[in-house]
Every structure is written in structure tokens, then in C-alpha cells.
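Worksheet: the structure to be examined is printed underneath.
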Amino acid sequence: HISAQQAHGGGKLVRLATTTSTDNSGLIDHLAPQFERDTGYSLQVIAVGTGKALQLGKRGDVDVILVHAPTSEARFVADGHGVHRHVVMENDFIVVGPRDDPAKLGGAKSAADAFARLVKGKSRAVKFVSRGDDSGTHKKEMTLWRDAGVEPAWSGRFEVGQGMGKSLQIAEELQAYLLIDRGTWIFLRDQTTLEVVFQGDPSLGNPYGVIAVSPKRAPVNFGGAKAFIDWLTSKRGQRAIGDYTVAGTRLFTPMAGH
Amino acid sequence: MDLFEATAQALVLLAVFDPALWEIIGISFRVSLTAICIAIPPALLAAFLLAHLEFPGRRVLISLFNTLLSLPAVVIGLTVYLMLSRQGPLGDWQLLFTRSAMVIAQIMLAFPILVSMSHAAFQAADQRAWETARTLGIPSPQAFVMVVGEVRFGLLAAVLAGFGRIIAEVGASMMVGGNILHFTRNIPTAIALETSMGNFAQGIALGIVLLIIAFALNLSLQYFQGRGKLSL
Amino acid sequence: MDLFEATAQALVLLAVFDPALWEIIGISFRVSLTAICIAIPPALLAAFLLAHLEFPGRRVLISLFNTLLSLPAVVIGLTVYLMLSRQGPLGDWQLLFTRSAMVIAQIMLAFPILVSMSHAAFQAADQRAWETARTLGIPSPQAFVMVVGEVRFGLLAAVLAGFGRIIAEVGASMMVGGNILHFTRNIPTAIALETSMGNFAQGIALGIVLLIIAFALNLSLQYFQGRGKLSL
Amino acid sequence: MNATTEIRYSEIHKFFNRRHLLNRLSLSLEGGTATLLSGENGAGKTTLLRILSGLEKPSECRVDFTPGEPGSNPQPWSQCRRRLQRQVMYLHQQPYMFDGSVVHNLALALPRTMPRLQRGKKIRQALEWAQLEALKEAAAKTLSGGEKQRVSLARAWLRQSRILLLDEPIANMDRESQVRTVALLRRFKNARAALMISSHNHEVFCQLIDRRLVLDSGKLSPAQAPLLPGNVTPLARDGAPSGNAGNASR
Amino acid sequence: MNATTEIRYSEIHKFFNRRHLLNRLSLSLEGGTATLLSGENGAGKTTLLRILSGLEKPSECRVDFTPGEPGSNPQPWSQCRRRLQRQVMYLHQQPYMFDGSVVHNLALALPRTMPRLQRGKKIRQALEWAQLEALKEAAAKTLSGGEKQRVSLARAWLRQSRILLLDEPIANMDRESQVRTVALLRRFKNARAALMISSHNHEVFCQLIDRRLVLDSGKLSPAQAPLLPGNVTPLARDGAPSGNAGNASR
């Protein structure tokens, strides 16, 4: 391997900041070798929370970011920190919970209904684990509460401030409900006794965007970032995303061009 | 840089006793002080015995404690997690994601460093201290306390190192506490959260708050260590 | 539990020199050993001066070092990050997300614990050691080395504590190293990754691998501390 | 003299550095008698006294706490260690002072159960004997060599041990303190304590001691050369010499 | 005697524990002479010697390295500290041994630049003088009290310092070693070194010393009572007494 120090600043190294969900699910490990083979760039992946990924981009410490927080992404571009934003893939959010489903989410007609049911009795028996970390998932959750017209404040709601995988572990221990992206769920579902209790509502879409960090603010490897985005949105890249399966299930739906 | 701003803001919150800030401060110090207080007596005793008793396997045991210093906190966190988890052997106690679980993990974290450092302190003690105490007819338990008094400077350093390890530690607390707001979120896990959210300035500001309180604690402890310099 | 299985598997990988496992082991130890070797000389000197020189502000400085023990690693990581970030004052060095950055952060992490613990060791030293060396006409630098030799037992404990802190530390390495596979992924960040993916057994297995290597290192260091027990 | 044997040691053996430092010695400590232990530097005096008082592990040693009584039998040293530490008081060649004042160091020798008033009185007497009233609040660790030895002896007096082993108790004392020490030891002896003193300064003790043992090449033997009381007369003012006068020869 | 003044100290003052331990003393160290420093326990002898050798900070003190020469002027102690430490050798009341063998401890006193062969020869001579050939490989920390004092003196001999301050050098020594020590010190003196010896054991040194100073209540004064060489005759075999004989009175 070339040393990181040599590679850094040289044009052949691309640094990608991405959320833990894409990295933990194994997608990036699947994509990186193909990208490197096709383009000759080498990719370094820094898997962090959404907020930190955006912050690393703002400071010019990475060249390209891949996250799922549409509003923040738009602001990132609007503020001039990034260019060439593309939605490249999507999966969706689902609500998982204990098998006996105490809040009866299984009968909910819409996402708004499901979230209203959670709060209804304000019962201690109904527990809900919230990411509480301002991540894409957490932002989605807050939107859903707002859409349901309820105040998410009862003693059964725990804000854990951790990543998706850890939050699932905590939900498992507490036998609580959890909003989770399908990719992580498919990847980790064998480790829990929780089950999917609500899914399929159109408002639960989870689009992933890729953004090149603006070369105007920092001496980033813009060419490399561009190459990554181009590859990801190309036919080959999109096919690679669509090809990725875990236990026979596809994790992400390619979206470029939609 | 907004660092100064964030620090100033955190200090203001500290000064006006902002309930949210003081809650996590309270959790941090309550948990870590409890853990260190529980860990100290057995650790000192173990260190003393390791320093003063000759028995087979003594050196290996010392090496073992020194090695445990290199055990990542998250591994200890995992171990405690697996014990306390619903499916674990102690699952019935229902301690996971409580402050008690954090105390348990922190005791395990502090123990090796306390033993290793205090052992070095006892080893450096003048053998005559123990002998003189015994020869003055002082029973072993009190003689032990007297030797502790003689090497209190080194022991205090050990305790501070142990306390520093657990008050600043994030992996195990995150793992067994869960960083749950109002319950188990302490300063380090809050810092980790702020960092993961990209709020670097807030993270550092919280770190400075922790430091300031630790410094106050430290100064108030200083009188224990006395002058520290011995003539002859 | 699949813990034993995972550990056995990790040990097999260790034994057959699995390149992936040995790569992260290599990064861990290369980075931490470099950091500790750079940190030791200035830390010992600082500790010695703090123990032997009388100057105004000495006690406050000692308290300060003791307090720095409570500084969360992630805060040090953040600080180093802000320095090395492209927009930071040292951005031009282009060190972020390299092993050099990890070395820098780990030096800063190890320094306070080295100073604090070695200070306790020097403080416990017999003042006559220094005086006798001087009175024998030995120049200050060599006299310092001789005093170091006299308290090597305590200093070794300090070094082990400092090494334990950095080899097992995850927050700062994660922050400034980025946990990049093949470049900056070391054992603790790998453990954190495994844990966050729910692969507890793998996490613990890696921890055990770390421990085994640390134990080997430890035993080989033991001859430095010699018999350790002094008569009279 | 009607001495009662307090403890009988036999088979005392110490092997170090490929050398038989103490070679199967036997020794009794007898109440109401004082023994002077002499021998060259490195002969093993300190080692012997430390073994007798349960502080240093011998290669071999047997201890009998009830010698001569029917049914008494000597036990191995390692089983008697704690009992020896409790019953036999050893004064270090270089006395150790605990952190704290002189008064604190003296108070350590008194039983915890002693009433406050009595404690105060005892400590005042000890301070007076040691002539340290002016330094009673001083940090004991900063005392001068001779002052430390005086504190150490004052602690021995407060402890009132029946068996007292003193390792060079007067090495750093001034002449007056030496004389006062001998007087104090005489009081111990009159109270029927067993004393054993290691010293290179025989003359000072000549009026106190009942026997003088010489440690040489690992063996203990009664001294050949008689003591010379004449040599210390300028300062020894109390009592008549007990050693028999004779010519100096060595 | 034609003594050359090596160092002149003036205004030596030490204040501790609300007590003027040393009260504006003056003192010269003169080459080729030996001074006995006496005084009660706690009089301040150790403190004085440590100040003179640059180890302990006085409340006040001025040092003149070229007394009497034109243009010489006394400097404050704190500016001369390192120079004093280099030039004046102080032997601790309780000597300190470094970890390692006796040979290692002796070797420390030799300059690093000395050739190997010469080092070996010097060390062998020192071992012989200290009569520690049999223990040369023993760990110095485990030596007996008197043996440590002998090592300490042997180091002083190897170091060949022009100015030597000895704090109770013979306190733990046996009689033979005491006599040998006096003989060694005489050789130092003949080599025109300046010696200052603190001791409670005046008689042993009576044939060596040129003057005797008494430290009392912070003041230094020449001794009133003459020395009594007669008291040590049984062992002192070399040379004639230099003190003038007289009656013991105190």
C-alpha cells in the first residue's frame, strides 16, 4: 500500500465521509473495489454520523460526502459548501418493535397513525428508542411526529444519542419500538428478537445524496470527488448498488436519474 | 473560531446552573465517584498484598494487572453488557442501561489502574514503616492504614489516574449506559454525541467544563498530599 | 455463546499471521509505541523538575497535570483535529487522517498521565540519591539518569499506564485517524466498529488479541523492574 | 540474678549470598537481664535481631515461648512470626519516623484504649525524657539523627514491651543522651524486661549489661575481653561499674 | 601549619520552625587542616554541613571562593550552589547506596574518562581499604550500616575531592574500621585537603584534628574543653596525640 501521507494531496486519493448506515451495511465495501478498478482512484472511507460528515465536508477535510438528510444536504449546497448534489439511491424506513406489539402498530393505516398510536396511552409499557443525534434518521423521526400532530414526550421514550446499530441493540434490550432504515435492519435483523411492525408508507422514503465538496473553499481533490459521483451515477455504479444483497434481499434501490 | 463562543456559552450555562448541563455533570460525577469509592479499598488492599507478600505467581499477577491497563474500555463495556443483557447470566437484575450498570463497568475499569499504580507506590514505601508499626504493637489493619498514610502521595496519584480514566471514559459508559438522555448521559457520552453531530465546539466546551470541575476537585484534594517533599 | 468461538478464531488468525488481523495489530502498536517513545523523555524531565525544583506555581502545575488526566480522549482528538484540519493552523502539513496524526494525538494523551505518575515516583525517591550523585561529581544529566534508575519501578508503572491509555484508546484515534481500513484502523477502532455492528464476539476477540500481545510486551519489560523489593 | 527465660530460640540459621551469615545459633532472652551483642561490621547483628523479632525470615529457626515448662516444644519460626512481632520490640538501627509531629509519633506507641488524660501525661513524660518539648510539634521526619533515636527510645518506653532488642541505639546520640539512654535501659531492666543491645560502643553500656556475646563467622560466643568501665567514667555518673576492671587487650 | 583558605563562608543563617538554627555564622575551610564540629543532637551540624556543600538552602549565606585575593568578593549562596556541589564533597550521616553492586557504587565516584585499567586498579584499592572484597558483587543496598559507611568513605577517597565534609562518618563502624578511617582521613589531610567532621565521638579523632568547633544555640565557638586522647589509647595505635592532655570536665 502507498502510505496515506504520500497519497494525501496527490490526485489519486479520494476521501469519502459517509454515514455509518452505508458503511455498516457493507455497501461501501462492496462498491469501493469496483470504483477503484474502474477509475484508478483509491477511496478512503470515514464512517461517521451525518452531522459530523457534513462538518468534515464544510472544513474541507474530505472530498465527497454520501449521507441521507435531504434538508441538511440542500442547505450544505445552498451555503456554498458543496456542488453536484445527486440522489443516488434510496431505501426506506421501517418501524420495528417487540413481537407482542403493545401499541398495536400492526393495525396502523399510515405513518402518522402509527406514530400517534405510540403516544396515545402515554403508557410506560410502550417504549420507543429515539436516535436523538440529529442524524438523518432522527430528523425523519421528528418530521413524523410533527406530521402525526403529537408531542413525543412520555416516560417510555428514550433518546439514546447513538448510531443505528447501537440504537437497535438498546431497543432490543428494552423491547422498545425503533425507527430504522431498511438497510441496517436487513443487515442486523438476525441479532434481535424485534420484528417489523410498520412499513410501506410513502412518507417513509429514505433517499441518499452524494455531494462533492466545493473546491472554492478548500484545496480538496475535486476531480476525484467528481469521478466518484460520476461513477456512482453511471450505469455501472447504479448496477453495483442494485446488485448488493444481504441474505438474498436488496438493501438499496438505485435512484440516479429519477 | 466559534470555539471560544461555545466555551463561553458553556461556562455561562455552568454559572447559571443550567439544569440540562448540570444534570449530565451530576450523572458523570455521581457515577464515577461512586465507582472509585467502591474500587479503592479492595484495590489498595490487593496492591499492598502484591507489594508485601511473597507468594508463587506474585510477579505474574502484577504483570497481569499491568496488562489489564491496555484493555480497551469498550471491551470491558462489552463484557459487562453481555453479563447484564436480558439473555446474560445477570439479566434478571435488569440493570442494563442504568447508572448502576455504569458504576459496575467503571469499577472494573478503575480497578487495574488503581492496583497497578498503588502497587508501585507501596513498593516504593520504606519497609521500616510497616515494621515499625508492627513493632509498636499496632494490629495489622491499622498498620496497613499507617503505611497507606506514608505513601499517600503516590496513592493519591493512583486514585487521580483511576478517576481520570473513568470520568473521561466513553466506550464502556456508552455501551452499558446507553447514553440515554436524563438517565445515563454523562459528560463524555454527551461529548461523543456532540462530536458525532459535528458540533465540535460544543464538544470541546463540555470537555472544558469537565476539566474545570475536575480541577476544583483536584485542588481540594491537594491538602491530603501535604507538602510532599521529605527531607532525608 | 459464540464468544469462545470468535476468540478461538481470532487466535487462529493471530497464529497463522493473517494479514488483515496483523495489519491492524501492526498499526496499533507502531503508532502507540512511537507515541510513547516520543512522549517519555520530555515527560520524565518535566516530572523530575516538578518534583525537585521549587518555583512559584509548581503546585498549581502539578494539579493541572493531574486534572488533565480527566480530559476525555475525544476532546484531545477534537483539538488535534482542529489544528490539523485543512482550515486549521497546521492544515498545510496535510497530516489529518494519517498515522502521524494519531501519533500526535496519542502523545498528547500520554503526556499528562506520564508526567503525573512519574512525578509521584520521583517525589517518592530518596532525596539523597540526587545529592549523592551530585556530591560524587556527576554532572546533572547523568545524575538525572541515575535517579531515574533508582525509581525505575514507579516509572515503569507510569509508562505502562501511559501506554495502556493510548493503545486502548478509541476516541482520539477515531477522530484524527478516521478509522480508515488499511491506513488508520487500529485494534480499538476496529473493536468499536465491530461492536457498533453488533459483532460482540469479534470485538471481544480483538480485545483478547490486544491483551495477549500487551502481556507479552509486559513480561519482556519486567526484567527492567528487577527484584523491586528493597531491604531497609 | 534469678532470670526468667522469656523466649528460647534454637537452630537460628541464615544463608545469603552463598554465605552462612548465621550458623545454627541458639539464644535465650531472659527477663531482667541485658545482653550486649558485639561483632564486626557485617557480622550479622542486625540480621540476628530482626530474626528474633519476627521481621526477617531466617533460613531456619525454632522458637519456644515457654522454655523449660513441661510439654513445651519449639515451633518453626514461620508459625511464630506474628506472635514474635507482637511480643518482641525491635528498634531499627536507623529509626523510622511517621509523617506527622513528634507527639503523633509518640502517641502511636500507646494502646488506643488508653484514656485521653493518661495519654497526655505519658506523652509529656516521654517528651521530657527525650528532651524534645521544644520540638514536640515539629515534623518528626525532619528531626536530626540523634533526635530520631531519642524518639525511637521514647516510643519503646511508652510501649512498655517485656522484650526489647535495640540496634545501635546510641550511634548518633550526643554524650548526654547516651548516658540518659543507659539510665532508661536500667529502668527497663529493673522492671524485669529482657534487653539485647547491639553496639560498637561497649564502654557506655558496661555498667548495665550482664553478659556480652560476640558474633563472629556466624557463631555466637561469650566475649573474651573484659569490659573497661574506666573508659567512660567522665560521663557515667550513676551507679558503680558492674563489669570487672582489667587491662585492655584485643 | 601554613593553611590555604579554600572557601570562606559568611553570614550563614538558617531559620526553621520559628527558630534561628544557625545565627549569622562565619567559617573558612582551609586546605590541609581538619576541623571537628561538635554540638548536641539537633544543634544544626548536619544542616550546617549541607549548606556548606550546596545541598540545603540557607536563609542567608555568602560564599567567597578566593578569599583574601585582591578583587575577591563574596557572592550569595544561591549563585554558588552548583559550584559548591561540584567542589565540596558531603558524606551523608546515613549514606545512600545506589541500586547495583558495591563495585558499581564505587565506580560512580571515578571520572568517566578514566581508562579501564586504571579504574579497575583504583576500585580494587578502594575495596581493599573498605575490606569489602568478599562482598564486591553484593547489592550495595543490602549492606550493613557500617559497611555502607565504609563504601561511602571509599567513594570519597576515589573522588579525591579537595574539600570533604563528613557527617558522623564512624557512627556505625566497628572499632577497627574507625581506626582505619582516621588513618584514611590523615592521608587526605596530608594531601592538603580541607576536612570537616561532625561527630559525637571526639576521642577517635583527637590525633587528627587541628581545631574543634562547638555549635550551640546557633553560634559557633572554639571548644573550651580540651580533648582527651587518653580515652582511646587501647585502639589508637598510630602517631602521637596532637591534642593537649588535660582533665575531663564538661
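Each chain carries a letter (A, B, C, D and E) given by its place in the written order, and its residues are counted from 1.
Just so it is clear, a residue touches a chain if its C-beta (ideal position, glycine included) is under 8 Å from a C-beta of that chain, and two chains touch if they have at least 3 such contacts.
None of the values given here were measured: they were computed from a predicted structure.
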item: Interchain contact steps from chain D to chain E (minimum; 1 if touching); value: 1
item: Co-neighbours of chain D and chain C - touch as defined; value: B, E
item: Most distant chain from chain B, judged by the mean position of its C-alpha atoms; value: E
item: Top chain pair, ranked by how many C-beta pairs fall in contact; value: B-C
item: Inter-chain centre distance, chain A versus chain B - centres from mean C-alpha coordinates, in Å; value: 36
item: Approximate Å spacing (C-alpha centroids) for the pair chain B, chain D; value: 46
item: Between chain E and chain B, distance of the C-alpha-averaged centres to the nearest whole Å; value: 50
item: Separation of mean Cα positions, chain C and chain B [Å, integer]; value: 18
item: Multi-partner residues of chain E (at least 2 other chains); value: 94
item: Where chain A touches two or more other chains, by residue; value: 163, 166
item: Touching two or more other chains - residue numbers and ranges from chain C; value: 128, 230-232
item: Complex contact set, residues of chain B against chain A; value: 85-86, 96-97, 174, 178-181, 183, 185, 189-190, 192-193, 195-200
item: Residue ranges of chain C in contact with chain E within the complex; value: 126, 128-129, 131-138, 146, 149-150, 226, 230-232
item: Touching residues on chain D, where the partner in the complex is chain B; value: 53-55, 85-86, 88-92, 94-96, 98-99, 108-109, 111-112, 141-142, 155, 159, 161
item: Contact set on chain A toward chain C in their complex; value: 1, 3-5, 8-9, 15, 20, 24, 44-47, 59-61, 163, 165-166, 168-169, 187-188, 191, 218-220
item: Contacting residues of chain A [partner chain B, same complex]; value: 48-49, 51-56, 132-135, 158-163, 166, 170, 173-174
